[in-house]
Amino acid sequence: MSTPPTLARRLSEWGLLLGVIGAVIGFIIGFAVGTHAIPYSFGEDNSLGSDPGILLGYALSVVGFLGGMGFLNYPIGRLFGAKRPSEEDNAYLHGEGGGLSRYFRMTTDHKVIGLQYLVMILAFLFVGGLGAMFIRTELLTPSPTVANAQSYLTLVGLHSTLMIFMASAAIIGPFGNYFVPIMIGTRNMAFPRLEALTFWLLPPAGLILLSTVFLGGFTTGWTGYAPLADQNVLGMDSYLIAFALIGMSIGLSGVNMIATIMTKRAPGLPLTRMPIFVWSVLVTSFLGALAAPALIAAVLMEVFDRSYQTTFFVPAGGGSPYLWENLFWFFGHPEVYIFVVPAFGLVMEMLPVFTRRPLWGYRVAVGGMVGIGLLSFVVWQHHLFVSGLAPSLRPFYMFSTELISVPTGIIYLVALGTLWRARTRFTVPMLFIFGFFFNFLIGGFTGVFLSDVPSDFTLHASYFVQAHFHYTIMGGEVFALLAAIVYYLPKMTGRTMDTKLLRFQFWAVFITFNGTFISLISVGILGMPRRVISYAAYLQPLNISATVFAYGLGLSMALFLGILLWEVVIKQRVAARNPWESLGVEWQVPTPVPTFNFDRVPVAWSLPYDYDTGKPAADFGPAVPAFSGA
Amino acid sequence: MRSRIWLLVGGVVVFGVLVGFFVTRFLNPVPPQIAATTTSNTLQGRPVVDFNLTTVAAVGTAGQGNGEHPNWVGYLPTTYLKVPAGSVVHMTIDQEDGQTGLRNEYFGLVRGTINDQMTVDGKVMGALDPSLAAHTFTIPDLGVSVPLEGVADNAPANAMIVVQFNFVVPNKPGLFRWQCFVPCAAGTLYGNGGPMQTLGYMAGELQVG
Amino acid sequence: MSEVSPTGLTVVDEVEGGGRTLVFTSRLFMAANTTLQLSLLFAFLYLRANNFGGMWHPSGIGTPPQVLAIISLVFPVITLLALWAVWNAVSKARVSNAVSGLLWLALVAAVLTGAVRILLMYQFNWELDSAGTYAAISTLWYAVMLGEFILVGLWLLSLVMGHVRGTDRLSASHARAILDQWAYITGVSIVVYLLVQYVK
Amino acid sequence: MRNRRTAIRTVVIVWFILAVGGDVALAFGPIPPGQASDLASSESMTILLLAEIGWPIFSAVLAALFFTMVVNRMVPPTEEPSAAALRGNTRAQTAWIAGTLVVVLSLAVYGTVALAIDQPGAGVPTQASALAMPTSTSQPLEVQVIAQQWWFTYRYPTYGGIETPQLVLPVNQKIEFNVTSLDVVHSFWFYALGVKADAVPLNDNVVTATPTKIGTYRIQCAELCGLWHGNMADNTAMVVSPSDFAAWIQQETTLDAPIMKYLLPYSHTYEPSPTIYGS
């Protein structure tokens, strides 16, 4: 390894900086071209620029960013038939030799990428949460106070869209990328550069979305309904570009994950013995790969509408708002299962550890998740029950929507079966798992009311809906995320945040969360529509209680972040090698995990949940130190 | 360890500064609000207060956005109005903008003003030919809606039409939005984007009390 | 290398997904791409079926000239045949200069494909916001197909360069993967051609 | 509780009390959206039914979770289950899936039937006959809801097509709301009548309902429609006696007199003018 580092390698040390410079250059070029070279006959009375300028500017700035990060070196090299990168280069790219700098440049090590994801997800989560705090503060009174009608809608849009970005990668991003390759016994993803790309699309997406406040904001919320989106000011463009980036990230990571899981499993590991979490990631990846392109198509049309003055979504021009609603929700409904299915997988992955039981009904659990995946493609029109679109189809969508509660119910059966007669260990992650099941149960039952057309006529587009999906996403996925953070940090960082205070934190977040959203469920039943800054006076008491609880929720989430930073970043409390005494493969490899995971690929796999026999899942061959003490 | 703490504190401070910037600059930029000029005379036993607004096709640098959208149509000097509770507002609007035509002809009707009337260049009217309208001054929650006739295209430069009307504001303090119902935001979809959806141009708030 | 582990099974060093991964992933991308194409198809048929305000196909909106449209399909087919021949040769391990020649042929035809399709995109005689949705969706769809042809074309270029410069001899799985991709988008563009020309 | 059996029995009893108590409470509590129209009552009927079915199942799952999590710790099982039993139980799984399937199917069937009976809107417009003055209260009186950024206005085609900024309806008269929009997507939400219908430009979205309670109600927009979406609400919608309704129509007709000659002839949708991109 004494060969002098290549130029590309020297440059990529400064990857992030170069990326920012590239982004600026890209934006300037794109903006100039878009503003002056593209024929454009409206919106010119805006000193901030025109839609083509902003759109092209953002698009090229992302290209510039990635180029600066060094994503284009390899493909361009291939174009000219350059040699494949040397072993050293690949090892360097993989982050060999460690060091903190790995986390700030393009790295193909799935473990580094997992941690990068974790940080980015938490950033999205807490910035979005701050938005929620502002929204609740505004809703203390029935008429505008801290925000005005304009900034309030932008606030709603930012909160929802950021949270959607967060949720669509919250679990598959950090834990999927970090643990799936280890769990299936491979040293790397099928396409490591692609994996790096899927992460490095996130920061630009987040920043571009936030930049909307400089462009007048957007008033459509995260659903971006047309033709209102056609009507919006320049702020809409940042929503479109950001969402397109997230769509690409979801789709590409889906393809990459599927390819890895299907073709790079260790010998002796059939699909039927994969850890349940890998199964959930597989299902999710199929959803992402097959659903995201619909979003890309919709966004493309919207971009054409805004920059090229086509009329895809403008009725008077021959288009239709229903077109956007259909395409968007065809992506949007699988999207919500992209959120929760990995959460199911993680929870079922952790349950056996704390019950010291094999996972009860592994096969039905897999079947359940696959069933959810299949059904999620044929339910999207339940978002359009009152839209006046194809009334005769409503019974079918009502049926398919209610049908989806069957595979979801299976997850509960599996949980009950695993807990049955088990002496459960009430560790902090277990508490969060309990919270997950409680909240998701409420989320599921509120969903039944929305799937039934007659009752949906009262509840549709009300705060009932809002509370419903917060129960599934925040109460479900985010609770699973918190559990997983506490559970896996010892593995990912060698440090632990498991303290007494964390138990209090759980109860705080659990109670305040339910307080907030039970208030909001009742507000919705009493007839408060979503996304309004002014509401009927008789709804104020419930809104106040929601806000008060929401503050508590915000504080307890902040407390979680505080504990995380204090214990892991500052005090750096060292964790036991396998604090939960898990038999999972990921806990058998040493901590920190070697750059290439295994010195030998383990074989002879059994289901990783044989807690009754205590037999670990994998055999690491003769004399592998990682194996001792398991 | 100390260095890490300082790093954390620094991060928190930076984040706090960013949030503060957002709150002060974007969350609710306090607009310059103009109060009605009180007069001595009364109407229906209520004190009369005067307002004088001007509608222009392009606000230039005078608009709310400090010249951010010089070519946007708008009300001048501002659209944030303040009147004492329970008074009669005597509104005078110098209409300098051209004719656009209403999307919904119904708003050609004068409603909610005293006697459901307005005075256009001295003559009393109860309705306006919708195709002549340049803007409307409408406070939906008070049921007040007055169409503003546009200056004819062949009219001499800086010609204007003076529209006057009186309406009663409630005795209870409150914040009422008001807007224009003419699709006057040229170049935006249905003429309802841009200035129509940006406070300070064709959208405003009437503070009572 | 292999040793025997306590369980008596062979311990391997690394699983090489390799060629299998490549072909598999190429098909995954086709699956994802199918959703994109179906979305556009849905939009095309939905807008046509509703024809809001009679703005689906206003008078004065033309269809692309038949000849150009057909030429735009001939070139990708040539590339396809060349790629098939390449794959056939490589998979039978008959790597000769013929392969390089075929690759070049495929590349040239691919470039011409792109060029002709760019021409094609500008064949509707339409004004921007009065063109109706037929011209809009057709143009958008052409743009998408152009983009995909360009992407796969770049991939082809990289294979050609790697092969002729001997830095990276073409493998059977590589040839197969790109053959699949090209066949797929060629098939789609034929469907699009039929829709745009005959379902106006 | 040393005895496992008693523990189980206690949990079951607690669940039973919870389930029954909850259902009874629901049966007597007020169920939204209330009884102000036939449509509203059928919706609250559905909501009540779903709640009555859902609550016992919900509480049962909670009880089971509580039991499996807590009771096992308080009173550990005496004998260890077999390795096979730890890995699944086909009969239990089949039973569970069958059970949920039955519940879901019955709910879907009920929903479809309810849908077929009281056609809660988003339906196809009735023929022009609706434009004629209804001869009986069971014949629909057509009322058009015109959504625009950002106010609802209403047209009464059977009364010379007058347009008003306020919605007033005669009690016990079947109303056919024809909801359309002049610009973006809105949603007309008359909470008390259980009426919600998206207003889509160039589209006529029809809901029929018969108001049965005289009173003053709130109307609001339920689909994000731009800057003033939050203020696109009106507290003065009224359901009045037929005589009051006639009087009100009379008054509105005189008020509208100056504008009538300018109003477009009544139609179910309105083409935008002059152009879709403003002037």
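The first chain written gets the first letter, and so on, giving A, B, C and D; residue counts start at 1 in each chain.
Here, a residue touches a chain if its C-beta (ideal position, glycine included) is under 8 Å from a C-beta of that chain, and two chains touch if they have at least 3 such contacts.
What you are looking at is a predicted structure, and each value in this text was computed from that prediction instead of being measured.
Comparing chain pairs A-B and C-D, the larger number of C-beta contacts belongs to A-B. Mean C-alpha position of subunit A lies 42 Å from that of subunit B. Inter-chain spacing, taken between the CA centroids of subunit C and subunit D, is 48 Å. Per-chain CA centroids place subunit A at a distance of 30 Å from subunit C. As a whole-number value, the distance joining the C-alpha centres of subunit B and subunit C reads 54 Å.
Contact with two or more other chains is made by residues 177, 186-190, 192, 197-199, 203 of subunit B. Counting only residues that touch two or more partner chains, subunit A has 41-42, 149-150, 219, 227, 231, 309, 311, 314-317, 322. Multi-chain contact residues of subunit C (touching two or more other chains) are listed as 52-53, 129.
Interchain contacts (touch definition given at top) occur between A-B, A-C, A-D, B-D, C-D. Residues 32-33, 39-40, 42-44, 46-47, 50-51, 54, 57-58, 61-62, 64-65, 68-69, 72-73, 76-77, 81, 83, 86-89, 92-93, 96-97, 100-101, 104, 107-108, 111-112, 114-115, 118, 120-124, 179, 183-185, 187, 189, 191, 194-198, 200-206, 218, 220-231, 233, 235, 271-272, 276-277 of subunit D touch subunit A in their complex. Considering their complex, residues 41-48, 130, 134, 143-144, 146-151, 154-155, 213, 216-217, 219, 227, 230-233, 314, 565, 569-571 of subunit A touch subunit B. On subunit B, the positions that touch subunit D within their shared complex are 100-101, 103-106, 108-111, 116, 126-127, 129-130, 138, 140-141, 143, 145, 177, 179, 181, 183-192, 196-199, 203. If you check the complex, the residues on subunit A that touch subunit C are 39, 41, 75, 78-84, 185-187, 190-191, 251, 254-255, 258-260, 262-268, 289-294, 296-298, 300-301, 304, 308-312, 315-320, 322-323, 326-327, 330, 600-604, 619-622. By the touch rule above, subunit C contacts subunit D in their complex via residues 52-53, 129.
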